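Okay, handing you the structure first.
We call the chains A, B and C, going by the order they appear; numbering starts again at 1 in every chain.
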Amino acid sequence: MNSFRQLFQYILSGLSNGAIYALIGFGFAIIHNATGIINFAQGEFVMLGGMLALFFLTILKLPLVPSIVLAILVSTIVGMSFERLAIRPLKNAKPLNLIIITIGASIFIRGMAMLIWGKDTHALPAFSGNDPLYIAGATILPQHLWIFALTILIIIASRIFFNYSLVGKAMRACAYNPQAASLVGIDVKIMVLLSFVISSAIGSMAGIIIAPLTMTSYDVGIMLGLKGFCAVIIGGMSSGLGTVLGGLLLGLLEALGAGFISASYKDAIAFIILLVILFIRPEGLFKKKETERV
Amino acid sequence: MSRNIFRIIFVLFFSVLMAGVVFAASPIKIGALFSVSGPASFLGEPERNTAQMMVAEINKSGGIKGRKLELIVYDTQGDATKAVQAVNKLIKDDKVIAIIGPSTTGDSMAVIPVVEKAEIPLISCAAGIKITDPVKKWVFKTAQNDVLAVAKIYEYLKGQKIAKIAILTVSDGFGSSGREQLTLQSKEFGMQIISDETYGPKDTDMTVQLTKIRDSEAQAIICWGTNPGPAVVARNAKQLGINIPLYMSHGVSSKKFIELAGDGAEGIILPSGRVIVADQLPKSDPQKKALTNYVNKYREHYKVEGDHFGGHAWDAIMLLKGAIERGGKSPAAIRDQLEKTKKFVGIGGTFSYSPQDHAGLTSDAFVLVQIKQNDWKLIK
Amino acid sequence: MTKEKRQIIIFLVFALAILITPFFLQGSYFLNVLVFVGINTMLAVALNLLLGYAGQISLGHAAFFGLGAYISSILTTRFSLDPWLIIILAAVCAAALAFAIGFPILKLKGHYLAMATLGLGIIMYIVFNETVGWTGGPSGLSGIPNLHIGSWIFDNDLYNYYLIWIITIIVMLLSINLSRSRIGRALRAIHDSEVAARVMGVNAQILKVQIFTVSALISSVAGSLYAHIMSFISPVSFGFNFSVELVTMVVVGGLGSIYGSFLGAAILTILPEFLRVFRDLDIVIYGLMLILMTMFMPGGLIGGIQSIAENAYTKLKGKTNSNA
């Protein structure tokens, strides 16, 4: 019975972490699907969400809800500025240069956060207290429920948006073929901007909601961003269920690996999974195979 | 080229300044290596602040033997390569006669060969036992060895009749050194380590490791790391409903830990230098005066309390001051005087160096404290 | 003067300047800085072969640097074998690893390749950190012996300077030769369009793996030398941050330019000396440099210098022509 309880705890912990990875992965997927770019700075939006919320809460002493809203707003503005200043002028640059720019941006944003807020770690108060909930002998915290709730909300919202709204369908059109899309009157530039807006908003939301659990500091973005990227690769760059499943799977494998093999190599497990997927099935586990245009 | 211009301007500026204050005496140049930025900034920043504060105080009261102190601080960023570059700059470029720091064991080990060769005395603020064991001619340290911290905890556990323990250490220099000591000393105190788990410095969830520990026969958990990891461990332990006692290392002996761990911090016991419970010490404690002095001065300058880590720099500066006052003018003379230090009452403890012992402290350099209602409580 | 002759003269002048610099810096701290510039140049050139010529991005190159450093350190401290032989052994190991992993990894393109190399780098870092029994883990490995040839021990700045720079100059020479050879042209073809290159008969796959292997080999040698000079290493120096620093050096100097790699390495090693005053500003500046360089000067500093030189040359020519 004990080992069942242990296993169940691993599973629960793994799924909770996995939901976090999935939320972050969404941001990667949305930008990639609209522009073909991988935004290396995605992890930094997650960091900004948490740090800004903390800033508004503790320094400006605003209540919880306005702090959250403002934090998301400011992160979104940063995302928009990033798109206008660094991405748009280089629409036709080589992929190599785009990668370097997004890496440079992530370093820059991280550096600014360190200058403004220092290197300390900070804790955000939990949304609904810290008392653990018991499920079949394993425990999770109320904050985990918030994370699951947000993830489900975003899946539903993105489903509706991309499949049933005009704007969403327009974004998908840009992803498939920007030239054709502009021929039918879709403003590709606006679509690209919109994708950054959505990604940075979701990223910062993810950052805010996990900050009470993982605490926040200027450099939480690196690992979270990487794990989010793993999630989205496993899930096949989908802006929907695929990424969620990818994230959950990653979290699960990580927790089980840490529990049964070795906890010290936990991060290595995530990256080994990444490499294996990239080598064997780069289009992800949850997507139909696509052919590459020559 | 412009670097030379900078130097010329700086030298001119400084000379003018000096000429106005102390006409003939040249300043005593001391170098400092601290990891002010990077993963160990929680060490380097208070150490640098303390060192600068102390030098300013010393200079305000006339310097040492009429000469002012000049402190040249370089940031190693917790990176061994940068530490070596910085120490070379201090020795060859700035021509310092003594160096305090570095903050971390890794940086210290990296610069030791350089100072040994250049024959400049170094007072490290790092805790690793390897720094002074085996003894190196030119290297001293002020931070308490983790040997002593582990011994303190084990002693207490033995008194509590606990024999089966689980250890959870962070995979960085501090944690791995602690793990080494916990393992080495376990037999001596009759401890059986039945669970040996580790976590990464940036990990945000330790429920997996704690689940394994919860289901083992461990009667107590010892967590060895520095913020924020142990705070996560404390919270996770509360989440999992773990009710065996949780012990921490001196790596979390700062208010920050209590802030981060929230409710999870209640009841945790850890060894620490006396500085964090300075006001709870009995009047008879020889360190009380120096400690309260330090805590208040630091609060005056920097608006937060002086902590355990900044204290290492305090000790280094004061030890150096003592050595120079007793007749140390050249690096070699300073080294000799340092080695002769006996019963110096500092922040980390009472120091007595000797040719065989360049660490200078004994196990009473630590006290045990317990966190009660978000504050430290000294355990008698 | 033919282009080829000009290139040879430029190289000789460069090599000569490097070799006589120590005479002006007797016992100065700056000599120590230049030793590190040398190591970083070697690494930047190695990365440039992959990044600049073949256009394959690698965000985990510090891994090979670390591999060379650790293999050399472990084998010389535990088993007192001849350090020089071990440098070669380590290089062969690194090359073998690169060769084996090159095939699957270099099938990936663009962002996927970037992430895969990043993952590889992090996995290596974790291995360095966790195999405490061999590597000393996070506390690092100390007591690495200095290299020596006969009675000359490489334990001071002057000897280390020549040790590093002579090898670096050789590496630079070989790389410049490579770039001008058929292989170099094939690499540039792959960079521009892999499909087109394949159509023209270039075996892109093999070539990419070969250059990856060479790059890893050079990085490993740099790592071994670094370990013997420092006599202490720890995993921190071989992590993601350093990989990014290397990419920055190559980009800032100029992708595809060997002299650019030297420039980039020099700037990024010496800049922190100035920035000591500004302490925490260096991350921000690295990020800005990457962004601004890529946006406004994709050819790096060398590209910028070259275009200025060309502009001046044409202006001069124009003047003499109009006077004729």
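The rule is short, and it goes like this: a residue touches a chain if its C-beta (ideal position, glycine included) is under 8 Å from a C-beta of that chain, and two chains touch if they have at least 3 such contacts.
On a predicted model such as this, the values are computed, not experimentally measured, just so you know.
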| item | value |
| --- | --- |
| Chains linked by the largest number of contacting C-beta pairs | A-C |
| Farthest-lying chain, centroid of Cα atoms versus that of chain A | B |
| Centre-of-Cα separation between chain C and chain B, whole angstrom | 36 |
| Between chain C and chain A, distance of the C-alpha-averaged centres to the nearest whole Å | 33 |
| Residues of chain A touching at least two other chains | 114, 222, 264, 267 |
| Per-residue multi-chain contacts in chain C, two or more chains | 130, 280 |
| Where chain B touches two or more other chains, by residue | 37, 171, 198 |
| Complex contact set, residues of chain B against chain A | 37, 41-42, 45, 171, 197-200, 202-205, 207-209, 211-212, 215, 227-228, 231-232, 235, 238-241, 256, 259-260, 262-263 |
| Interface residues, chain B side, partner chain C - complex | 3, 6, 36-37, 74-75, 78-82, 84-85, 88-89, 91-93, 105-106, 109-110, 112-113, 117, 128, 130, 171-173, 175-177, 198 |
| Residues on chain C engaged by chain B in the complex (per definition of touch) | 27-30, 32-33, 36, 129-130, 132, 137-140, 142, 155, 157, 230-234, 236-237, 272-274, 276, 279-280 |
| Residues of chain A touching chain B in the complex | 2-3, 5-6, 9-10, 13, 16-17, 114, 119-123, 130, 132, 134, 139-141, 213-215, 217, 219-220, 222-223, 255, 258-259, 263-264, 266-267 |
| Contact footprint of chain C on chain A as seen in their complex | 37-38, 86, 89-90, 93-97, 99-101, 103-112, 114-115, 222, 226, 229, 233, 264-265, 267-268, 271-272, 274-275, 278-279, 282, 294 |
